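Just below is one structure, and these are the notes that go with it.
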Amino acid sequence: MESTLDKQQMTEFYKKMLLIRRFEEACGRLYMQGKVRGFLHLYIGEEAIAVGAISALQPDDYVIGHYRDHGHALAKGMDPKVAMAELCGKSTGSSGGKGGSMHLFDSARNFMGGHAIVGGQMPIAAGLALASKYKKEDRVTICFFGDGAVNQGEFHETLNLASVWKLPILFLLENNLYGMGTHVDRSRAGGRHIYETASAYDIPGVQIDGMDVLGVNECVSEAVKSIRKGKGPHFVEAMCYRYRGHSMADPTMYRERNEAEELGIKDPIDSLKNFMVQFNVASEEEFIEIDSAVGAQISDAVQFAEDSPAPEMDAMYTNVYA
Amino acid sequence: MESTLDKQQMTEFYKKMLLIRRFEEACGRLYMQGKVRGFLHLYIGEEAIAVGAISALQPDDYVIGHYRDHGHALAKGMDPKVAMAELCGKSTGSSGGKGGSMHLFDSARNFMGGHAIVGGQMPIAAGLALASKYKKEDRVTICFFGDGAVNQGEFHETLNLASVWKLPILFLLENNLYGMGTHVDRSRAGGRHIYETASAYDIPGVQIDGMDVLGVNECVSEAVKSIRKGKGPHFVEAMCYRYRGHSMADPTMYRERNEAEELGIKDPIDSLKNFMVQFNVASEEEFIEIDSAVGAQISDAVQFAEDSPAPEMDAMYTNVYA
Amino acid sequence: MAEMILREAVAKALREALEDERVFMMGEDIGAYGGAYAVTRGFLDEYGAERIMDTPISESVIVGAGVGSALAGLKPIVELMTINFSLVAIDQIVNHAAKLSYMSDGQFSVPLVIRTVTGGGGQLAATHSQSFENWYASVPGLKVAVPATPYDALGLFRTAMKDDNPILFAEHSLLYGLRGDVPDDWYEIPFGEADIKREGDDITIVAYSRMTHIALEAAAMLEAKGRYAEVVDLRTLRPWDKQTVLQSVRKTNRIVVVEETWRTGGFGGEIASTIQEEAFDDLDGPVARVGGIDVPAPYNGALEAATIPSAQRVIKAIADTYGI
Amino acid sequence: MAEMILREAVAKALREALEDERVFMMGEDIGAYGGAYAVTRGFLDEYGAERIMDTPISESVIVGAGVGSALAGLKPIVELMTINFSLVAIDQIVNHAAKLSYMSDGQFSVPLVIRTVTGGGGQLAATHSQSFENWYASVPGLKVAVPATPYDALGLFRTAMKDDNPILFAEHSLLYGLRGDVPDDWYEIPFGEADIKREGDDITIVAYSRMTHIALEAAAMLEAKGRYAEVVDLRTLRPWDKQTVLQSVRKTNRIVVVEETWRTGGFGGEIASTIQEEAFDDLDGPVARVGGIDVPAPYNGALEAATIPSAQRVIKAIADTYGI
């Protein structure tokens, strides 16, 4: 794990990843208590991708992704209070309790959702990038999607259009090996090297370790630089692992309990911490501080969500139209 | 133009290509007379592909394609009378006048249509191949489609599924450089080497001269042999040229009148004839005979179509359901 | 007579269907995962990967491959995880499956059963809580089944498997756990035959799928008021059983149609206008409709519940329309 | 006052829209080819390839890119060559464009105009002759315009361009050559405001898009019989103008709804049931409906013509229902 990053940045990465991890753990608890409902998809184990990639962006840049969206939203700067309130269906939530876990949005931070139809966010991402190009802004759009989404027709239509029109967009594939219970080897021709598909669209593609936040950040920073130079779309396949089931409802009968070990999966948060300690970037004490600070942030978020009022019944009728 | 084919086969190819050419010319005339209506897409210039490819098949094998389907239907053995009657909307037509030019079907000859939604025939083609595999038959399916269809999501979904499931199917791309008025260079990343896309699905792909019937036949014969061996899907991109407009309604304002010359396009029928004469495979006299025989066949078809009765009004209600 | 939940009734129907070698199943996570709603749990081990095929997340080719294998003489059962996702495959259903018999003038037929899960109420929000059965029911060439009980699900599915046409079979997610009696002896339920789930003389309540149970709830509440409602469960939307509804309304002279999808443009409009066309003089008042509120489904539980028809709303519609 | 055909009126509307730099157009063959129906002929030269964008044949990403650029503050006009092909993009329209304002609770809006061509009558057969406006009109979050004249097309399009919501603008292929007067002075036509295309006291004929002209034809035939029909052109389906229809029927006490799409499950059912709900006592008889025959469109001209509502069928429906 090599890097030219300074302590401050590494510490930032650590804080953000830990924030997401603790946030997700809290969601899981609230779900068990019946306070978070519907489908809940946790990002646990994949934190390095959202944090490493989104840290390479400017506030103006667009981020859009799928329903496993808490990590991306928080990494883009969404207030954990507001996110947690949304998951609890409260009026103080990002969508006043009308969107839920799969549909987080934060217009102020250019977090464009939170889309629950597999592959559905990809054409929209092309449109965001098209707008930036049309307006001659130098914004970049990062479109997150999973290995399962690769098999949707929209993946194909979007990569082709983005390439033909040289759109300023980064396609960031989170290959966690599974689409629900279906392993990529069974769903995708060449399931372990999807990045090669990008070349079919004349888009440069690379595969990286999605459990290494520093590596992700370096790679995405490079890609974003090239995109800003007007070089058109880039494609990054981040190999990772989904620790939990697809959703809280998934008993994960389709894989071995010890698969993660078998694959030698290293936890992204521990890895960074060990690296920082090993190279004396930060001390145990500092981590203890960070951990308790993050812990407090999360319990505040939960408290805020629980204390917030439910939406008025009339909210049902608002914003159907602009 | 090299080949191990004997005179009989070459003569067959010539006859079939000429039959298609004359059929299409007759369609054009009937359209001008208002006897063929709706959208009419002529196959003129592309005859070598349907004839060369379908001649490599057995009667059991499935052929499916898009709305530019007269050539494929005739090459698969559909009676020109029945086809022409369909185009004229007569009760003696292949669909009793209910399908029209874009929707030809011939169940007896395993010609599976004739599909007018761009890309829509591809998933169905996968299903035909899946059935053959499921039933352990050694049938092959050839799925014809155009360069424009390549950009439909269904192209992508179908190639992936065919590859993952190793289906006995040949994807035959007719790259005539245009989807309506849009040149492949403007619609497809790497518009002139689409066959390379196949590798993204771990499908072997080749590009061939679609104006050379002997070359098409050789290449497709090889591919079909490999498919019957259980090697899974193959992909062939046949480069060709659409002499006429996209449909009879197309004034072709988007390309230069002399584009064909510029590109050095050689007529597939003339080329074969010249080859056969040059190498004394057949004499001018024989060609004169063939031409008049084919001419007679077509005028019979037109006569039959014109003389045939219109469908009964009740036909409107039949076969909505099986 | 066995008692089982609707999930078990569908699984039973599928196992019966799979006795025919021409039958196989395709869909997302129906195999190793056991089905998103656990309907096909165990099937992969029982029947093997050749017949229980996990697919990529590619609905268009899932349906299209079903159409193609049906054309080739097989009898596929494809599963679309939910009807919300059928929108990415709707072109294959409407422009292909439904058209090929007609466009080939009977040279081909498409004996394809498309199973899918419909309805809201699970706090899945706007993209995951819809009911599009009404759209499919408007398409010539398709048939649409919307069972409300384990008995109906099994009987209708048996019929679907004998039909040579493309059929959309919509199971409501909130009904999978519903218990009901299922005879041990073989029976089938023809399409286009509604079921009178409860008899009554004062008003006819027409419903389908989960709304049948809301209708029964409303009927029970009416009984407390000394009014007797006849609950007609359509069971299939295409074809739908006009005659049974007409007979009932000629007896009750009052009628309300209840459905879960958005009221505006729902199938309730078809039913209501047909009834007033054919039984105008038998009506004491207009045909009433209760449907989903015309908004996308909100995530919040209280809000979502308010968008879905309830027995209370049915009672109110009846009171407002007929003063009973 | 200028006279122009509907194609010219739409082209005029588009040119006006393009004066706003935030507006651009995307679609298949709208540029170099000039548009499948020649509406945008010349646009590429006038506005350049940055604003008149020819796309690949990829409807999902065409619409989705429209949604995305609308989210980012632009005002895209996307063209779907015909409404038949909208089925491969319907997920982007229904599950995305129509949902984002609600699911983000107003953080985002989708000011997107989707132009498409609807209807049959061109002998294009079953896959190319459909009308799905009724489906889109059932979706909360969408608006649907169905103009019948050059005047209405221009006025409605101007309104569409000022609206911040996703709008489906359906132009009927057989109306592009229709001539009509268009004022030189600026005017707009609000959505949800029907137009009484002809006044009369004996019966109300409700129609939209091309059927408005069939209704007028029928009205002319009725006049020969000494009966006076009021023709109400809805002009938009979502929202649709209930009040104007109700006012008319309260005067005429008779009403028939005419539409081109399949009668079963069409929007006519929505209109008919709404009218009988709200004007039951004003009706001399049931609300009549005339719609497309419930079959896929046949290619043969005579057969196809018989599937589409005609003035004769409207007259017959009126006679059968009201005996006039």
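The chains carry the letters A, B, C and D, assigned in the order they are written, with residues numbered from 1 in each.
Just so it is clear, a contact is a pair of C-beta atoms (placed from the backbone, for glycine too) under 8 Å apart; a residue touches a chain by one contact, two chains touch by 3 or more.
Since the structure is predicted, the reported quantities are computational estimates derived from the model, not experimental observations.
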Chains touching both chain A and chain D, listed by label: B, C
Most widely separated chain from chain C, with each centre as the mean of CA atoms: B
Between chain A and chain C, centroid-to-centroid distance (C-alpha), Å: 37
Averaged-CA centre spacing for the pair chain D and chain C, given as whole angstrom: 30
Intercentroid distance (Cα basis), chain C paired with chain B, Å: 41
Residue numbers of chain B (touch at least two other chains): 95, 98-99, 103, 115, 117, 120, 151-154, 157, 160, 164, 186-188, 315, 320
Chain D: positions in contact with at least two other chains: 55-56, 58, 60, 84, 88, 91, 95, 102-103, 125-127, 140-141, 294-296, 298
Chain-level touch network, classified as line, ring, star, complete or other: complete
Chain D partner contacts - residues on chain C that touch it in the complex: 60, 84, 87-88, 90-91, 94-95, 98-99, 102-103, 125-127, 134-135, 137-141, 238, 261-262, 264-274, 276-278, 280, 283, 285-289, 294-296, 298, 321
Contacting residues of chain D [partner chain B, same complex]: 28-29, 32-34, 36, 54-58, 60, 84-85, 88, 122-128, 293-296, 298-303, 306-307
Chain C residues touching chain B - in the complex, by the definition given at the top: 24, 50, 53, 55-56, 58, 60-61, 63-74, 76, 91-92, 95-96, 100-111, 140-141, 143, 164-165
In the complex with chain D, residue positions of chain B that touch it: 37-39, 86, 89-90, 95, 97-103, 115-120, 148-149, 151-154, 179-182, 186-188, 250, 253-254, 310-311, 313, 315-317, 320
Footprint of chain C on chain B - complex, ascending: 62, 94-96, 98-99, 103, 105-107, 112-115, 117, 120, 122-132, 134-135, 153-154, 157-158, 160-161, 164-165, 315, 318-322
